[in-house]
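Following: one structure in C-alpha cells, then a few remarks.
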Amino acid sequence: MTTRDAAVRIKGVSHQFGEAGETQYVRALADTSLDIARGELLCLIGPSGCGKSTLLNVIGGLMAPTGGNVEVAGKPVRGPMPQDIAFVFQENALFPWNTVLENVRLGMLFQGVPKSEHEARAKLSLEAVGLVEFANHYPSQLSGGMRQRAALARALSLKTDILLMDEPFGALDEQTRMILGEDLSVLLSRTEKTIVFVTHSLGEAVFLADRVAVFSARPGAIKKIIRVDEPHPRKPEFITSKKFAALRNELYALLHDEIRKTVAESARAPEGS
Amino acid sequence: MSFSARPYLLRHPGVVRLGVVVLMLIVWEIAARWFIDPLFISPPSRVLLSLGAVWQTSGVPAALRLTLFELATAFAIAVVIGLTVGLAVGLQPFARRSLMPIILLLYGLPQITILPLFILYFGIGAASKIAFGVTHGMFPIVIAIVAGVQNLKPILLVSARSMGASRWQILRWVIFPHMIPSFFAGMRLGMSGALLGVLLAELYVSTAGIGHFTTMFTENFDPTKLFGLVAMLAAMAIVLNEIVRRAETRFSRWR
Amino acid sequence: MARRNERAAGIGSRAVQIGFLLGILVLWYLATNRWGVNRLLLPNPIAVWQQLLDVLKSGEYLPDLRITLTELAAAFALSLTFGTIVGYFVSRTGYTIRVFEPLFAGIYSIPIILFLPLYVLFFGLGPESKIALGATISFFPIVLSTIAGFGNVDRTLVTAAKSMGASDYQLFRYVLVPAALPVILSGLRMGFTIALLAIIGSEVIASLAGLGHHIVQLAEGMDMARMFAYIAFVVAIAALLNSVVSFLEARGRRWT
C-alpha cells in the first residue's frame, strides 16, 4: 500500500470557529496530518464534536481550514472538486421533488457529464446499489436505507476517485446498517475508489475500514491509527471472528475515555457545542 | 480602541432596519418636495409639523374617540359572541361537525360586498360601524376557540376522569386553562378583524368618525392633513396590535 | 359498531347543514311573504332570483366585471413580480432576512386599507387607485412567503448540489426554486385572495366603476332585490376565482 501514491495529503490541518475570546469560539480540530493511500478505505471515528466531520468537509473543499491545507490528487484543495470528490451525507441530501433516477441524473448534470452518458451511468449505479425497480420512486416513498442507497448511487455515477461519506448510515436502525455495510463492502471491493468514512459505530469502522483513525475529544487530534488487515469484500463471518473482537476492543479502549471527557464537557458548557 | 462600524451593524439588524426606514422617509421627502405636485403628496417633514394642526381641526379628536369607541364596542361584542359560539360548537363534537363547515363558509365570503346593506340596516351612524366590526371580528375568535378545544389531547381528559374529576371540574381545570392561548390568539385576530370592519365602514360613509375627515381632507386636496390623520390611525393600529400580541405571548408561555 | 356510529354522525351532520340552509331560505320566504317584513329591508327571495337571472341574461355585469378583473390582474401582476424578486434577494443572506422580514411583517400587521384615501388623492377615483392599493396589500404575503420559502431551503441540499459542481444558475433552477415553490405558491394564493378583496373593497368605498361600485349604486337606488342578486353574483365570482387559484396551487405542489 505504501508504494501507491497518496490520494489525499492532509498537512497540518486545524480549524477553529470564531476568534479567541468570543462566546462562539470553538477549537474544532487540532493540528492533523495524514496521508490517505489510493484505494484505501479510511474510517474516522471519535466522540461527538471531535472534528471528524469538520476534517471531512475540509478534505472535500466544503470548508477552508483556519490552519494547514489539503492536497487531493496532487492539487491543493480550494473549494469543491466535483470531478475528483463525491459526497454521501447523513440524510436529506436527495432532492425530494425528484425521483431517484432524476436525482442521479441531476448529479451528473451538475458535474458536467455529457447528456448522452446519463442514462447508461445511471442504470449502472442503480444496479450496483440494487435500486433499479425504484428508479421512478420519490424519496418520500422509500425507506431510510433505500434513500441512502440512492444517495450512494448518485455519488457513484459521478465516477470520482474519492468518495467522502459523513455518517451515511447514522440515521438508520442497526439492522439496516448491517445489511448496507455488507453491501457497501462488496460494492467497494469492485472499485478502486479511495474512501473516507466518518462513523460513530465501532463495529462499522472495523468491518469496513482498512485503517481506522481514532480521534481524541475536542479539540480533536488523531490519537492512534489502527490497521485492519482483512481482504475485501469482508464477509459477514468476519464480524464473529476473534480478530474482529480484538480490534473492536482496542477501539473501545481508545475511545472510552475520550467519550467520557466529551460528555463531561458538554454537561458543563450549556450551549455552543 | 477604535470603533469599527461593520461588526456593530452586523450584530444589530434592528439598527439597519431603522436606517432603511429613515432612508425611505428621505426618499419620500425628496420626491414630495421637488418632484411631485404638492396637491397630491406632502413631504414627511411638513406632515410631522402639521400633526398639531390636524389634532386641532375641529372634530378630529372627537372623531378619533368615536372610532375608538366603535372599535372597543365591536371588539367586546365580537369576543362575547365568539367565545359563546366557539365554546358551544367546540365542546360538542356533533355540533362542530355540522356547524363548522357553515361557519367556515360564511367566514370565507367577501363581507365587503354587504357593507352597503349594513348601512341601509343600521344607518350611517356608529351602529353600522360597530355591527360591521362585529361580523369581521367574531369569526376568527370562533375558529380559534374551536381549534383550541380540538387540539386538547384526549389523554389529558382521560387522566383527569381517572382521578375522579366531575364534568364541571374538567371544564374549569383542564379545558379552560388549555384554551387560554388559543383564546388570546383568537382575540388578536379578532382585534384585527374588528379594526378592519370598523375602518371599512368608516371609510365608506361617516358623519362624525374619522372616515368623515379622511373624505374631507381628500376632497379638499389637503395631503398634509390626510397623511397626518392616516399616520395617527396607523400608529393607533400598531399600538393596539402590540398590546394584544403581548397579552397573547404572556398567556401562552406554557406552549 | 363504531364505524356505523361514525357514518350515522356523518349523515347526521350533513342533514343539519342542509336543514340549516333550507331553514334560512324558508324563514326568508316567510318573512317577506307572510310576516310582512318591509320589502325595502328584505326583498322577496323569488324576486331576488328573478333579478339574478335578469342580470346574468342581460350581461349587464360585463363592463363592471371587465374592470374589476383588469384591476385584479394588473395589481396581482405587480405584486407577484415585485414580491418574488424582492423576496428572493432578501432571502439570500440571514442578515438581510433579519433586517427586512420584521419590517415587512410589521407593515402587514396594520390594515393597509387605511391608505386608500391617500391613493385616491394621488390617483383619483379611477382604476389606478384600486390597482395601486391591491398591489400594495398583496405585495406583503407574497414577499413574506418568498423569503420564507427560499430562506428555509434545507442547507444539506444546497451543500450536496455544490459538492457535485452545480453552478449558481443550476443551484437556483434545480434546487432553490423547487424547494421554495410550495411555500411561495401558498403565498401567491393568499396574495391573490387579498388583492381581490382589497379591490372589491376599494370599489365599494371610492370608485366610479367596477363590481363593488355597482352594488353601491343599487343600494343608493334602493333596488333591494337587484342588489341582493348582484351581491350573490359577486360572491359567486369571488368564490370561483378563489377555487381556481387554490386548484392551481395544489397542482403546483404535486410532489409534497
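Lettered A, B and C in written order, each chain numbered from 1.
Everything that follows uses one rule, which is that a residue touches a chain if its C-beta (ideal position, glycine included) is under 8 Å from a C-beta of that chain, and two chains touch if they have at least 3 such contacts.
Only a predicted model underlies this, so the values are computations on that prediction, with no experimental measurement involved.
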* **Joint neighbours of chain B and chain A, given as chain labels** => C
* Nearest chain to the global Cα centroid? -> C
* Select the chain at the greatest separation from chain B, using centres from the mean of Cα atoms. => A
* Asked: Ranked by contacting C-beta pairs, which pair of chains comes out on top?
  -> B-C
* If you average the CA atoms of chain A and of chain B, how far apart do the two points sit, in angstrom? -> 54
* Asked: Approximately how many whole Å separate the CA-defined centres of chain A and chain C?
  -> 50
* List the centre-to-centre spacing of chain B and chain C in whole Å, with centres computed as mean CA coordinates. => 19
* **Of all residues in chain B, those that touch chain C in their complex** => 10, 13, 16-17, 20-21, 40-41, 93-94, 97-99, 101-102, 108-110, 112-117, 119-121, 192, 195-196, 199-200, 203-204, 214-215, 217-218, 221, 223, 226-227, 230, 233-234, 237-238, 241
* To do: Going by the contact rule at the top, pick out the chain C residues touching chain B in the complex.
  => 9-10, 12-14, 16-17, 20-21, 41, 95, 98-100, 102-103, 106, 109-111, 113-118, 120-122, 196-197, 200-201, 204-206, 212, 215-216, 218-220, 227, 231, 234-235, 238-239, 242
* Structure fact -> The residues of chain C that touch chain A in their complex are 154, 156-157, 159-167, 170, 174-175, 178-179, 255
* Structure fact -> chain C partner, complex, touching residues on chain A are 60-62, 80, 82-83, 85-87, 89, 91-93, 95-98, 106-107, 109-112, 138, 154, 158
